[in-house]
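For reference, the structure is listed below as structure tokens.
In this document, chain identifiers A, B, C and D correspond to the written order of the chains, with residue numbering beginning at 1 in each.
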Amino acid sequence: MSEQKAIVTDAPKGGVKYTSVDLPEPEHYDAKLSPVYIGICGTDRGEVAGALSFAYNPEGQNFLVLGHEALLRVDEVKDNDYIKKGDLVVPLVRRPGKCINCRIGRQDNCSIGDPDKHEAGITGLHGFMRDVLYDDIEYLVKVEDPDLGKIAVLTEPLKNVMKAFEVFDVVSKRSIFFGEDSTLIGKRMVIIGSGSEAFLYSFAGVDRGFDVTMVNRHDETENKLKMMDEFGVSFANYLKDMPEKIDLLVDTSGDPATVFKFIKKVNNNGIVILFGTNGKAPGYPVDGEDIDYIVERNITIAGSVDAAKIHYVQALQSLSNWNRRHPDAMKNMITYEAKPSETNIFFQKPHGEIKTVIKWQ
Amino acid sequence: MSEQKAIVTDAPKGGVKYTSVDLPEPEHYDAKLSPVYIGICGTDRGEVAGALSFAYNPEGQNFLVLGHEALLRVDEVKDNDYIKKGDLVVPLVRRPGKCINCRIGRQDNCSIGDPDKHEAGITGLHGFMRDVLYDDIEYLVKVEDPDLGKIAVLTEPLKNVMKAFEVFDVVSKRSIFFGEDSTLIGKRMVIIGSGSEAFLYSFAGVDRGFDVTMVNRHDETENKLKMMDEFGVSFANYLKDMPEKIDLLVDTSGDPATVFKFIKKVNNNGIVILFGTNGKAPGYPVDGEDIDYIVERNITIAGSVDAAKIHYVQALQSLSNWNRRHPDAMKNMITYEAKPSETNIFFQKPHGEIKTVIKWQ
Amino acid sequence: MSEQKAIVTDAPKGGVKYTSVDLPEPEHYDAKLSPVYIGICGTDRGEVAGALSFAYNPEGQNFLVLGHEALLRVDEVKDNDYIKKGDLVVPLVRRPGKCINCRIGRQDNCSIGDPDKHEAGITGLHGFMRDVLYDDIEYLVKVEDPDLGKIAVLTEPLKNVMKAFEVFDVVSKRSIFFGEDSTLIGKRMVIIGSGSEAFLYSFAGVDRGFDVTMVNRHDETENKLKMMDEFGVSFANYLKDMPEKIDLLVDTSGDPATVFKFIKKVNNNGIVILFGTNGKAPGYPVDGEDIDYIVERNITIAGSVDAAKIHYVQALQSLSNWNRRHPDAMKNMITYEAKPSETNIFFQKPHGEIKTVIKWQ
Amino acid sequence: MSEQKAIVTDAPKGGVKYTSVDLPEPEHYDAKLSPVYIGICGTDRGEVAGALSFAYNPEGQNFLVLGHEALLRVDEVKDNDYIKKGDLVVPLVRRPGKCINCRIGRQDNCSIGDPDKHEAGITGLHGFMRDVLYDDIEYLVKVEDPDLGKIAVLTEPLKNVMKAFEVFDVVSKRSIFFGEDSTLIGKRMVIIGSGSEAFLYSFAGVDRGFDVTMVNRHDETENKLKMMDEFGVSFANYLKDMPEKIDLLVDTSGDPATVFKFIKKVNNNGIVILFGTNGKAPGYPVDGEDIDYIVERNITIAGSVDAAKIHYVQALQSLSNWNRRHPDAMKNMITYEAKPSETNIFFQKPHGEIKTVIKWQ
């Protein structure tokens, strides 16, 4: 079968259509799959708006199937020990190239960048918003918890958080980061932003033992405050109430002005994870005192992008644990379920959005 | 004895005098020492110019003895296994406080900052530019190589380099930084600046196996180019010839404009060590694309300040090795030997300066 | 109050009594507590049997209160941010000395050993099997999950497992231990033994992603096999069916013959955690080929004892997650609840024992 | 050219001949080389004695060229940036297979073992004792120091030491191994054995800052004691004077009885490197108390074999530094230079041997 419905854009020009496309079956594949839920995020919207210059269509094609945050069902699969027909799986977004990091399954740390790697639904590889998918088992991560349901669609965004904590684990070894009792009790983690990735960072931070605060430059909705409260996360409108004495700072905004304002609140030996990107954010004058602040306090600033298969596995495990502990909060993470034909969700965020997903089946 | 000659300032106001001061013998000490050579650097000059607002006199005193880059001779010492009368030693600049890092001998990573620690000749503790010194053995590092001579005065600035490489070793573990053959052959290290610290970084980089380039925004003198050449270091005037594809970037300038210009030449998984400080450097507009660059490439930026006793030990060992391999280049590192009375060297760099030292005895 | 009921021995001679003892209130304490449940293990039984030569009474006393695996209730506590009256807490067993590891909260890694540290209920410090306890907040770990109940008494044995995995995380970095897809899928962990610690190791191994097998030299009871099955752990009677190709081997037996038989089944780059101890285990002839096997395969063998406060915190979190996922299996971990007066449990294991606990209140 | 002189054995049967062999030129090669010096060690002697069951001839051949400790001269080489005609180089012994460690240049950590890798002169790959050699640049390490001369033949045995210290660096991170002043001053390293590898370990230990003692079960010759003394290494006949309080123990004997006797002298958090192998060493009864000792003290025992290209590079750098500092001691390392025809050196150690080499040209 090759004629099927898909949500496509024309990268990097943009636009979006739910339409019939001709996608031939590949010569080799282990499994045939179909989407159950697919989340959308700023990347999808950026592509549709034509704002992501790095996005491009697969070679020789004039369209790109969208969708990278997928939960799929296995419809057919060759004999193997890992997955079987009917299983729910999450597919890897980035596929390996030939560099030294790619060849050990760490294409998230690709030494070369494009063209060494491809990201499904973003750079040269069709995404998952189409009726029929083919893939190899090594790129599929099984959902083990039968009670997780559609929450598993958060695996892809959460995997980034798991990798960022791996980076934190490595770089924080440069001094003793932990407290005098060997724990993180009383250590403060601040997350800039209050979108879905910020929530996932905050939940993972609580799991690690941090005292976690999410911040934004406005007050938050009752719904979001309640979810934070359930996980033991606090919130600050930083225009009114600027957090101080930060040990771990995570940015999901990509805005230099905000990032550097908060860096000057970071403690000695503090770690800053840069995760959010916003290529259009205006310049902020970083001066000699800012550099001096970072140097004198042995502060580490680490960019972190994408994640490896192990982080998808960890993400699924955390989702499962959170879902048992806080089922209401987790259900509230998915604020809107669209039909594939509702392509307007790529242009306009549904009101109160945390995560909008497309229910495919 | 308490009346003695010393070079003093009044921190943070500034000024400099070679004068008699009254410094009483402490109640407890292990060793009595006298200076042989003491180097001066931008910190000393900043204090004298009144430009370092963080400098301050010892409590209850209206002056501060200058000098932190010292080579001392042991004149008397209590019975011990480590040093004896006549030995040359290098004293630690920063003294421990009570925080978790200070209590394991890592005051360079102090979790609190002042007032938990004190730096001799800079913050609340008299420096080493005085006729008579008293200290405890645990804060003294023995010069083992009898052939090293005055080159040992470079131990203090070089210890910072050794600590920065320790930081590099830790943070670079977040991905595979080494090449496909497990070595650093072909990996490029660029050092911004061409002062004494930049030279020491470049020599240590060559030892590690990097392909090393020092850069500045002007051409360099024959003398400096010859020294670089002897160690296998190349030089680029980056206004004419901007290096690309950097794996390890070290900044000794403290200038944000330069730092961020070079960060955009750093490879995926690249490491940036921020070492230089210049509180008066003007602002440079860091924008969304700069943040994006760091995130997408998994780049790590690490401030690094001071060093621990182990780095003093490593520095002495490297100086010894370099001095045997390149004795002429090492001799050329010390470009001027002043008398203690030549206090004008605090205001004006001698022509062609790499390192100016005061020969005390 | 000083007269109270306690279970005591006379270390290292042995014996056990549930009796009234006179234990004066300490001059300083933050909290007054009472036991809820206290587990017993081979250490308690070894003390009672007079088989642990390293056990000793507190200085100047002729008895030692037993009990180190405690779940306590807070009856009174000074004003603080962490625990309040009525909370359940787990107390730390080992208390810090003055060495470099103790002073950063890592008395589990004490550089000196006794007399630098003391273990409650074992070496020179009264244990928790008494009506009234006094302690400082820094040595108490709060049970956060209200649904955990008596399962929290497993925190103390599980903390050892968490520390052992920390050791694994460090030592396994000497090569790439993970699979080609970056995960542990297909990596085999074998645990020698099928007692309570072996179960806790196996559950933690499954969480990490290992393919886990517990082994013993006999078949196992239906009850135990069912619990393993629920967690996805397999079992082998190694006399009939010897596992091969082990990546992570954990020994809980302390028996050299068994340990070395299994070491020769460990893969290249494999890790062996030695955890169990049995001072009376007979000698096993380790020969040149055994050493050769370890060398040629880059195998690492790590002794691991005790754990730090952070591992108690992690243990409580894992217990909470496991209890939600597998409540029946977790309940089955506690196979017998004794009254304090049933001191025969120190001499004779109740039939089918996994963990025997004393219900104090 | 294909007919040439070589020293061959018939693995694993043994025997040795200096004879003409027919070795055709390979289809592809970067460089043509010839031997200058080639060291011999217990491995060569074991092969010749027919005692190494794991040795085997190249596929389809009835002989194996010996020699793995080589110093070669480049006679021809294709255009490249790294080596040129006339350079001295050291060739890598082990060649990569396809496993995850081999594919990042770490065949020393091969996950599979043979047949994934081949070791020149030992397992299925001809060694370097032949008139003409062909190789690829990536497997050659350049001797940069023109003053090093024949000392460079020690690169191959020293590379093992460098890798062992890499292992030490990783595994010792599980606790604070360093002293309270952050250094290794006063930390004791003991090396079992006094052959050439033991010497190289001891010199490298001194460089790291350890207080180093070599031990053997007899007194040592004047020549060896003088060499140790020059480097600041002490010696103990452990039958008379057993060292205590060991922080880092390195075994070069492969003898279990000796290893386990010394393990019980290792401090808490101590590290044991197993390096020596002796498949015929008799069994030593390791008992429950031995296991207990390792567990209670958090001791780590790490097998370490072979090394990566980076360790060859580090070895050459250390040899260069040592040769400048202690030229006489380094010259004394090579105790006998044989001609290729003197094949009796494979059967009988020349008197007072540290390292015997064959001078090929």
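The working rule: a residue touches a chain if its C-beta (ideal position, glycine included) is under 8 Å from a C-beta of that chain, and two chains touch if they have at least 3 such contacts.
Computed from a predicted structure; not experimentally measured.
Most remote chain with respect to subunit B, judged by CA-atom centres, is C. Between A-D and B-D, more C-beta contact pairs are found at B-D.
Between the Cα centres of subunit B and subunit D there is a gap of 37 Å. Averaged C-alpha coordinates put the centre of subunit A at 47 Å from the centre of subunit D. We define each chain's centre as the mean of its Cα atoms; on that basis subunit C and subunit D are separated by 41 Å.
Of all residues in subunit A, those that touch two or more other chains are 100, 104, 106, 173, 176, 178-180. Subunit A contributes residues 82, 104-106, 138, 145, 176, 178-185, 207, 209, 308-310, 313, 317, 320-321, 324-325 to its touches with subunit C in the complex. Within the complex formed with subunit C, the residues of subunit D that make contact are 100-101, 104, 106, 108-113, 166-167, 170-171, 173-176, 178-180, 251, 254-256, 259-260, 267-269, 274-292, 294-305. Across the complex, subunit C meets subunit B through its residues 100, 103-104, 173.
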